[in-house]
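In structure tokens below, several structures.
Okay, so chain A shows up in both of these, paired with chain B first and chain C after.
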Partner chain A sequence: MLDRLAGRLGPAALLLPAVALLAVVFVLPLLRLLELSFSDPAGAATPYVELLHDPIYRKVFAATAWVAVAVTAITVLLGYPFALALARAPLRWRVILFACVLTPLWISVLVRTFSWMLLLETNGPVNRLLVAGGIVERPLALLFNQTGVLIGMVHVLLPYAVLPIYAALVRVDPALLRASEGLGASPARTFLRVLLPLSMPGVATGGAFVFLLSLGFFITPALLGGASSITLSMLIDGFVNERLVWPLAAAASMILLAATLAFLAMAARFVAPAAVAEVR
Partner chain B sequence: MLTRRRFIALGAAAATAPLVAGLPRPGLAQGRPLTFCSWGGALSELEKTAFLEPFARSKGIEVAHASPTAYAKLKAMAESGQPEWDLVDVGGRFIFQGADLLEPLDMALIPNAKNLDPGWVTPKGVFTSTGATIIAWNTKAFPADKGPRSWKDFWDVKAFPGPRGLYKPFYYNYEAALLAAGVPRGEVFPVTDEKVKTALAKLREIKPHVKVWWTAGAQPPQLLSSGELAMSSAWSGRIFAIMKEQAPVAMTYRDGIAWGNAWVVVKGSPHRKLAMEAINYAISEEAQMRLLDVGTYGPVLGAAAAKGNADQKKWMVTAPENAKDMLILNEEQAALYSAKYDADWNRFQLE
Partner chain C sequence: MAGRVALAAFAALLAAFLVLPVLAVVPAAFSARSFIRLPPEAWSVRWWGTFFGDPSWRRALLKSVEVAVLATLVAVPLGTAAALGLARLRGIVRRLALALFVGPVVVPVIVLAVALYAVARSAGLVGTTAALVLGHAMLALPYVALNVGVSLAALDPALGRAAAGLGASSWRLFRTVTLPLILPGVVGGAVFAFVTSFDEVVLSVFLAGPSAKTLPVRIWEEIRVEYTPVVAVAATFMMALAILAAASFRLLRRRRA
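Up next, the complex of A and B:
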């Protein structure tokens, strides 16, 4: 009945409500933001010139990209084995492992970030454990520096890497793996030559998700980072809340949006749209 | 059976219904009570109990409380013409930085302003309590009576080793750095390029020892009592509040940067008259006297401060024995350097 309805309406009609909603709550405000970015009393393009010419802002752009790359690399390296375990685990274990991935997603990022602040303190539980276990002699500086930012962001973003990789892994036909083994390949060779290449679309999708979300991250670097961990979104926050220079904030947002779209266009060449669609 | 047209109409209605419900309706603002917004913590608590609850009782009205103050929200509200806040506690520099977003005060409604020191009254904001940005330390790092006694000590990492905390914006740091560099109090203002250069050079010296550039008033008390920081700049009231809870933290007013908490009325507020009456009440002797017992932020009214006993005067910014060692923050100048040297400040942070 629903199928027939969908067939009669055509995809365009079914998309209409979502498109209408996005037009009102997303596209219109975005256009307003674009307009705002050109509304500097000192000249329409002034904010863009300032942002793109001042070396200090270029440094922030570079720092933002660096954090995003580092977080992406770590989440993929941590997420892959986890996704593999998830795909191989017996059903009962799979439920528990899935809960481990999904439960944190339902807890506010702010709460998780504050929890990390307590855990990573000089005299916090992590450092006490490391010192008591004789692993380190004196407490490590885990907070208010790049380390804290990476720990916090990897924790928040890990599920976004695990789920697409898992989806790619379960799609791999087990017969291919058996065939590889049957032809005398070692497990390592089977993994490297068969499973890994076949799951690469999942890795690319997960990596792209994490990278894009990292670019706009705000709360975690603001609370766990040090003076030099200024990301583009923190800069925008300063423009909005401290200096109240909204055209500059709007221009910085537009640059971030442009960078995101550029990356997405690049990623689209490696990530088939179908692969994204199959991530549930 | 659903027809195609009806199906689409239903979908469109479902998609737009929440939007229509969320649109601001004219006349709604008049329906809400007088709304006050402040920074939270010890300050909001004091303003509620000492000023606004008694005011509400005397007028037979209700006052709603919000926190924390956010300048961007205030700007958006004032520019939309439908503010959700009427009366807001802001940092003094915002009276100047955000002048276009504030109602001019009708001094006929605030007759008590005449009793204040003229420095506490401006055309768009009146200071209602006093505090300071002071040096606080963890007493396990340095005993309560052997802590840093000046910004020079704060900069002295040999005599006072340990991780430091400073405020994230240039605000307060400009003053602290110049005092540490030996600039006399009387010469910290007016701001000049030369002085900004000196301040940044001095801050460059301490930067490797600054572990946290704090952004929220709640951070220094927490980071100092957990021992994460050995010393930090902090808002006096927040430190008094945790010292009362026996936290291992001590502070000094020596070299403190004294300021007031300013009350302003948001442009377009439907309760502007009532808000100004509330300001008038807050600076009345009756209301100001209540601050003496709270012991976090002090009175602005000299007549009330003078009535404090010896114990109370110990923590009061305006008590002569404290005030003589402090710098009074020039908020108009602070508004200037905050805006003008923002890019330099960002550059300094990223170095």
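Up next, the complex of A and C:
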């Protein structure tokens, strides 16, 4: 009996329970949010118009984009040489370096961000070291501003840049590098003319990952940032939890979602959506 | 040569930057004072006593475990079945199904949180364990499906044909051939699902209400105002659990390879 029932289980039946869960907990709530974004009594499009025209909100959009671009640039610039070292390291070191990249991904972003709160305080260890080392005279403001947000986000997102760049670097055929050097090119020239161009797809993938994750990042900016560095995700939180304005919250969410999907469509050449999940 | 050394030194520095800052919560958890100063001037385990003794922290810890176990129990069978189904799909249907399954990973979590909060509020589900379990299961589902999918892809299709040729039914084939072979992937997916739920902050902050606060929600609320070293204890506890999970996941992967 059970055998015959199971024999008929096609792909549809196997997918059904998961699809049902996603329909109720994922698709339906997003549709409800879309509906809410047009529910302003003052007019369906009012929240969108307000968000896109008010200079305060435009500043938030600009800050969100700026943080995402800055974090992407920094993680790629730091991640590339790190990935290169990883690719060239002897096996034993490679294992250790890999553990350093992958293990933090398991630790809650909340815990990692809290650590930075302790380290970056005015009287925290980082400032005390800077003052004791004579690098600065007075403690720097590293927390509750954009500096703190950048430090925390680069720390959390760096592995997402390193891994695709590493994958691209190890795919480069070593024979090409040997050929270039055999033909008399200096190591610097071989790097610039052969290795760098061939590893660019990895840079594009890593950069796209980091940018995508930065756009909607919430925990780290909310804890390390301040009133002067509000991002779109913090704005949405404020709309829901402080100002209780659902149409604005829903419209801002839809704008963030649209920006994310638009970027994903643009970057689809470099990023298979499934790969976003694979990295973690 | 000098370039090599410089590159290695840079890599060591960056590896330290990736790993060391997280450890700041550990000394903070053994502070004797009621505020955190690093390194602590006096050491003590008193805040560990507070963490395990205080009813509100203990409730949060138990709630986290409860939600993570239930979310894993929902996500693992659903994700495993979905991976089996996805493996049999081809073409456009497969791509559509994949797009739906990675949706929860791609959509910014703040958007998911607000959307779920809106629906849960009108359904009267804010502050219930059910809302947290379903939300976390949704986030964990892609990771389970992916992990199982990797194991499935490594499976030799000849095994299935042989079993079918010998007259085994699909269910018997699954139970006696497929499942034992993909089990490391399923268990890996379960570890992933548990950690995803146990670490989850944003959905939980919106859905927990006053009655279903998990450990991350308690930490979140404390560090947004004023906090004592007990928060560092909670953070250290979460970190230790995460490292344990990472280690067991790596062991599973080694066995699979």
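Methods note: the second predicted complex is superposed on the first by the 243 of 280 C-alpha atoms of A that agree within 3 Å, B and C clash if a C-alpha of one lies under 4 Å from a C-alpha of the other, contacts with A are read in each partner's own complex, and residues count from 1 in each chain.
Quick note on the criterion: a contact is a pair of C-beta atoms (placed from the backbone, for glycine too) under 8 Å apart; a residue touches a chain by one contact, two chains touch by 3 or more.
All values reported here derive from a predicted model rather than from experimental measurement.
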Between chain B and chain C, whom does A:Val25 touch in the aligned arrangement: first, second, both, or neither? both
Please indicate which partner A:Phe114 is in contact with in the superposed arrangement: first for chain B, second for chain C, both, or neither. second
With both complexes superposed on chain A, which partner does A:Leu143 reach: first (chain B), second (chain C), both or neither? first
Touching A:His155, do we find chain B (first), chain C (second), both, or neither? second
Who does A:Pro17 touch here: chain B (first), chain C (second), both, or neither? both
Check the residue A:Asn123 against both partner chains and state whether it touches chain B (first), chain C (second), both, or neither. both
Of chain B and chain C, which one contacts the greater number of residues in chain A? C
Just checking: does A:Val240 make contact with chain B only, chain C only, both, or neither of them? Give me first, second, both or neither. both
Contacts of chain A common to chain B and chain C in the A-superposed view 5, 9, 13, 17-18, 21, 24-25, 123, 240, 246
What residues of chain A sit close enough to touch chain B in their complex? 5, 8-9, 13, 16-18, 20-21, 24-25, 54, 56, 59-60, 63, 121-123, 143-144, 222, 226-228, 230, 235, 238, 240-244, 246
As the complex stands, chain A meets chain C at residues 2-7, 9-15, 17-19, 21-22, 24-30, 32-33, 36, 78, 81-82, 84-86, 88-89, 96-97, 100-104, 106-112, 114-119, 123-125, 155, 158-159, 187, 212, 215-219, 223, 233, 236-237, 240, 246, 249-250, 253, 256-257, 260-261, 264, 273-274, 276-278, 280
What residues of chain C sit close enough to touch chain A in their complex? 3-4, 7-8, 10-11, 14-15, 17-19, 21-25, 28, 36-39, 74, 77-79, 81-82, 84-86, 88-89, 97-112, 114-119, 134-135, 137-138, 141-143, 145-146, 169-172, 174, 195, 198-199, 201-202, 206, 216, 219-220, 223-224, 231-232, 235, 238-239, 242-243, 245-246, 249
In the complex, chain B touches chain A at residues 2, 4, 7-8, 11-12, 14-16, 19, 70-72, 75, 97-98, 169, 207, 210-213, 215, 226-228, 338-339, 342-343, 346-347, 349-351
